[in-house]
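Below you'll find the structures, each written out as structure tokens.
Two complexes, one shared chain (chain A), two partners (chain B, chain C).
For the complex of A and B:
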């Protein structure tokens, strides 16, 4: 296991090299000059040139790439052209917000998916299974921004249970509710699709396990059905679910853009969208690199969790 | 038998649970004071920097005009710029203006009095950094020097009648020299020290900016609000819902479809003024376009202008929240005339067809680009349908904003539909950049006659004479049609009932709350 993890860690620089090259190439292939966008149309060519020089955008592309990578290895991701703030400071400000949102979404997804997947498997081919399957497919089919608008209308505007905006803005010392309430609707909107994925996955996994010999033996021993399902079947069915959930969590952090936009959440997604629109090269590059590292680590954690949950699983070097 | 008043274990636990819940949930007792804060649901995205010596966008401008008092402020009703941080300005000779600053005006947070040194420092900073403001407002300024604690002398490179509007009105935001040198430009941009009615308090990047009342504001009794909060809500429909729900008190740019509902909403008040902006079609000219391309004939461009049913655009695209126009100078500017001046509101297809025939053009196809703004996409489709009736086929191309700007600003297009906000309050800004052969967005258009007219109007100091000159320029534009103007989109602002003392501006980036208060 340790050898496997070390090998995976050793692969990270190679993966990051590919990521940095791809991001750098994409940013520079896409048309649009960040300096021109920033300075607007009435500016002088001298002003454009001065700023371009300041951000080293006047240098040849290989040199720009080398400068960026060299600085990144020292933890310096440059400064935002539009925000006039170090990219690392922006990440430090915004990543916890996106993380909180994704964590909320995953908690919601697990809270619903666990009972739903289990019930659908135990009551397979009954109306309850069909209902849960139908709801899951619906959850998957409807995009999260539609869920967001629907949730706003029902729970914020009509019932007035939750606020629409204000996530991440509660001042220090605010009540727990003041800090959490604005995250509820965005987390649910973001988590609905994950709920459907995880519920379908758990159902399939449970169905496979429920046909195993040891389950039949447990029943034959006279154990109550709920004990068989909860203690024997669910425990094993959870292994792939946890792994998928860990990977999905990394993915969730990266797909918060639309939800952050709708609920005005100051997270990574909204900043990245802003940066793309304004061609804020240092922010696009820095954020993408950071997210890539985060995703790689999330995958690594998933692999580690897999072996911890099932000691029979080993990774060959 | 009487009820026991003793504290039982159950009551104690119940009380403790209720108290805990109240503290966790943040429930506080109701207070009987009048409302003293205002939460503004800000459109757009992260306002970015709040320093006037670094390029800022429209949403930042809204925040900044509550933090800073510029040298001058726009009085759109009188169509002129009036003194604010400056007490007065006067022309000493054709190349020299003397600016007198208001005495006793203080920078926030103990940074001392506003002096001419601050003005000199701010403008010199623009010159040294070659900032965008040199190109937009200060281009005619040769030098500035302090001639007393509260007076500065401005030397010009050329006579410049647009000085009050462009330099005082648009270039007139200053930084505190002491604070700016102490903090450095980047820190200042996120911790601004202003001289206006509200002081910067805190920022949550991308989401919220909090301002507090400036207790030392020079205008006695102002501001009335204790706190002004700007919360960024990019989605227009969500912005309206947040207002309806009372999470915010004031919004701009609601979704056009929400406006009729909002007008009937008893909790809200509605304000709508024609904006200082245009939706317009623009053409490229040689060297960016072939000289024999059909739209190089001005009769064809006139035909397009006649073919456009501007009233339909106003009704269908903006749900009535726009003002039909055919001129570059909107209401509120010097030189404005009642619209439309030449092209009928509902178009004139017969006239358009005659002009196409007169030009000897038998129909052609042209690529027309626009950005990803959904209203422009819909408007372009509508306009394409209109001009198809005179045999012109618009091949529509949509681009994301970055790619679109790249094409537009580098003249890599044949024809486009764009909307633009005019930020400075002088008619020079509405025409010079777009029509002068040296203008950044003339896109190849420019004639010696137009250049001369624009330069003369820019130099003339007498307001009456300038007005006449701008009328002549507009007449020329209506004849040549290098740009075709459709509508000025109204700025719709919605507020919770009870907001008083707020004067809606035709400028998108101007929403000052210095006199705002809650009544009732």
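For the complex of A and C:
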């Protein structure tokens, strides 16, 4: 544990203050009265007033904010207006699904990026390197929802290899393949851009390492070149890669929304979209707050992993 | 160079959409629905018999306006924050940058969706939300450059001559941080195109019948089996504009300051 990590921890209260204020402000920029949205059109003024009291909407804003934060720290994010379900229960149900999807995407990305980045670095400035670089630049320019449509057309509509829907909804007791197959296309669609990012990262750090003295020493002592690349170069190139992968994983969890929408996956993203369409403010608030906190923790873990992996790294201000 | 020409061509095509598009993008012609690409409809027609090419060209106008406005909002707010933080330094810098960092902890797409969700699904709200989300990115970047410029001798000289702080910032610091700002504008522009397409795809941005690349891809999704060619136009449009903007950004970066911008 370095002083840097402690400083990062010390910054978290301020970050949380800004995050909670922003999320709280979201409700108050919403046009229309949340109570009216909640009750629909036919309401008596008494009923509106009663609900306003119940949700403390008649209190001054700072007090409302304080109450909301206090409740959130107790794990109470309010209840969905439409689903009649506590927001925390929805998160508990849906977050693992999004997490699984992001994990699948990251697995795919690493499986492709590791060999691709290594080959591009070892065979630098050959047609193979240019091809891999070209593919990753192109891959980054196509949004992931477009990748999803292209993959569906090729692998679901034309080849019929994978189903389009059913991810996260397989009944218990189904075969492993029945549970995994619907995740393949969504995970690949979500992971393609990360593949490109990680492959380019790995290529760059491998190139830097391959010019180091100890690599020349390893060659000089007669080590086979694949051993030099794998044992000496890759091992060191993996340190930044793991860090980037950890950060990218947190990022992936935050962008599953379009993929969940296309493949009808019951994760955080599709629930947030439903909430947005229905103006379900507690859900929008709760989900955004939860994801922001998850993001903060994920980045902190990534930093910690980085310092643990490389004993040389000490952050100084 | 190629990228610059491509960007200019895309901008020209989008701004001259009324002349360049062969058909009215919203004219419904049910007799011509879901036609495959042909000489009269280069990219085919959609479910309502609307010409896909014309919709792609008009959709470019949406993407162009979104990209420009998002970059403008992010720049107009982010750059002054960065100049003040970077030039003042100390406590002011610390507070402003910690706040910007806090905003950067939000997953950007989620924050955009949450803002649009709170304001209501509408293309103008998408622009506003994307602009807001990009402010901290601009602020972080330009503040870094400001810190470097602040230490330059010409700034010390201006100060010795008795120039006031606002004057130094506007006359001496700002012109020297233009390069990273311009590069960041192209990056923001291409990111905004993808983000707008994503949000319109989700039904949160451009509303039917208005053409938008993301919106039209959502419609193409429903006819993947019968009319897969509907994917071609919007996909190519998004990809070429994002690629050419990214290449333009890389080119500008190399051209304007090869030393400090080499990665």
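The rule is short, and it goes like this: the second predicted complex is superposed on the first by the 271 of 317 C-alpha atoms of A that agree within 3 Å, B and C clash if a C-alpha of one lies under 4 Å from a C-alpha of the other, contacts with A are read in each partner's own complex, and residues count from 1 in each chain.
Convention: a contact is a pair of C-beta atoms (placed from the backbone, for glycine too) under 8 Å apart; a residue touches a chain by one contact, two chains touch by 3 or more.
What you see is a predicted model; the values in this text were computed from it and never measured.
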Quiz prompt | First, second, both or neither for A:288, with chain B first and chain C second | solution = second
Quiz item: Just chain B (first), just chain C (second), both, or neither: which does A:141 touch?
Solution: second
Quiz item: Counting only touches as set out at the top, which of chain B and chain C does A:30 meet: first, second, both, neither?
Solution: both
Exercise. Look at A:225 in the shared chain and tell me whether it touches chain B only, chain C only, both, or neither; answer first, second, both or neither.
Key: neither
Exercise. Check whether A:277 is in contact with chain B, with chain C, with both or with neither, and answer first, second, both or neither.
Key: both
Quiz item: Touching A:157, do we find chain B (first), chain C (second), both, or neither?
Solution: both
Exercise. Applying the touch criterion given at the start, work out whether A:266 contacts chain B, chain C, both or neither, answering first, second, both or neither.
Key: first
Exercise. Mind working out whether A:50 is in touch with chain B, chain C, both or neither, as first, second, both or neither?
Key: first
Quiz item: Touching A:253 in the superposition: chain B (first), chain C (second), both, neither?
Solution: second
Practice problem: Name the residues of chain A shared by its contacts with chain B and its contacts with chain C. | Solution: 30-31, 149, 152-153, 157, 261-262, 273, 276-277, 279
Quiz item: What residues of chain B sit close enough to touch chain A in their complex?
Solution: 23-26, 41, 45-46, 48-49, 51, 54-55, 129-132, 134-136, 185-186, 189-190, 202, 204-208, 231-235, 237-238, 241-242, 244-245, 247-248, 400-403, 405-407, 409, 433, 440-441
Exercise. Over in the complex, which chain A residues touch chain B? Could you list them?
Key: 30-33, 36-44, 46-47, 50, 79, 82-85, 90, 93-94, 149, 152-153, 156-157, 160, 163-169, 171, 174-178, 261-267, 270-271, 273-274, 276-279
Self-check item: chain C-touching residues of chain A, taken from the complex the two chains share
Solution: 11, 14-15, 17-19, 22-23, 26-27, 29-31, 137-138, 140-143, 145-146, 149-150, 152-153, 157, 204, 250-251, 253-255, 257-258, 261-262, 272-273, 275-277, 279, 281, 284, 287-288, 291-292, 295-296, 299
Practice problem: Enumerate the contact residues on chain C facing chain A in the complex. | Solution: 98-99, 101-103, 105-111, 113-121, 194, 197-198, 201-204, 214, 217, 220-221, 224-225, 228, 231, 234-235, 238-239, 242-243, 246, 263
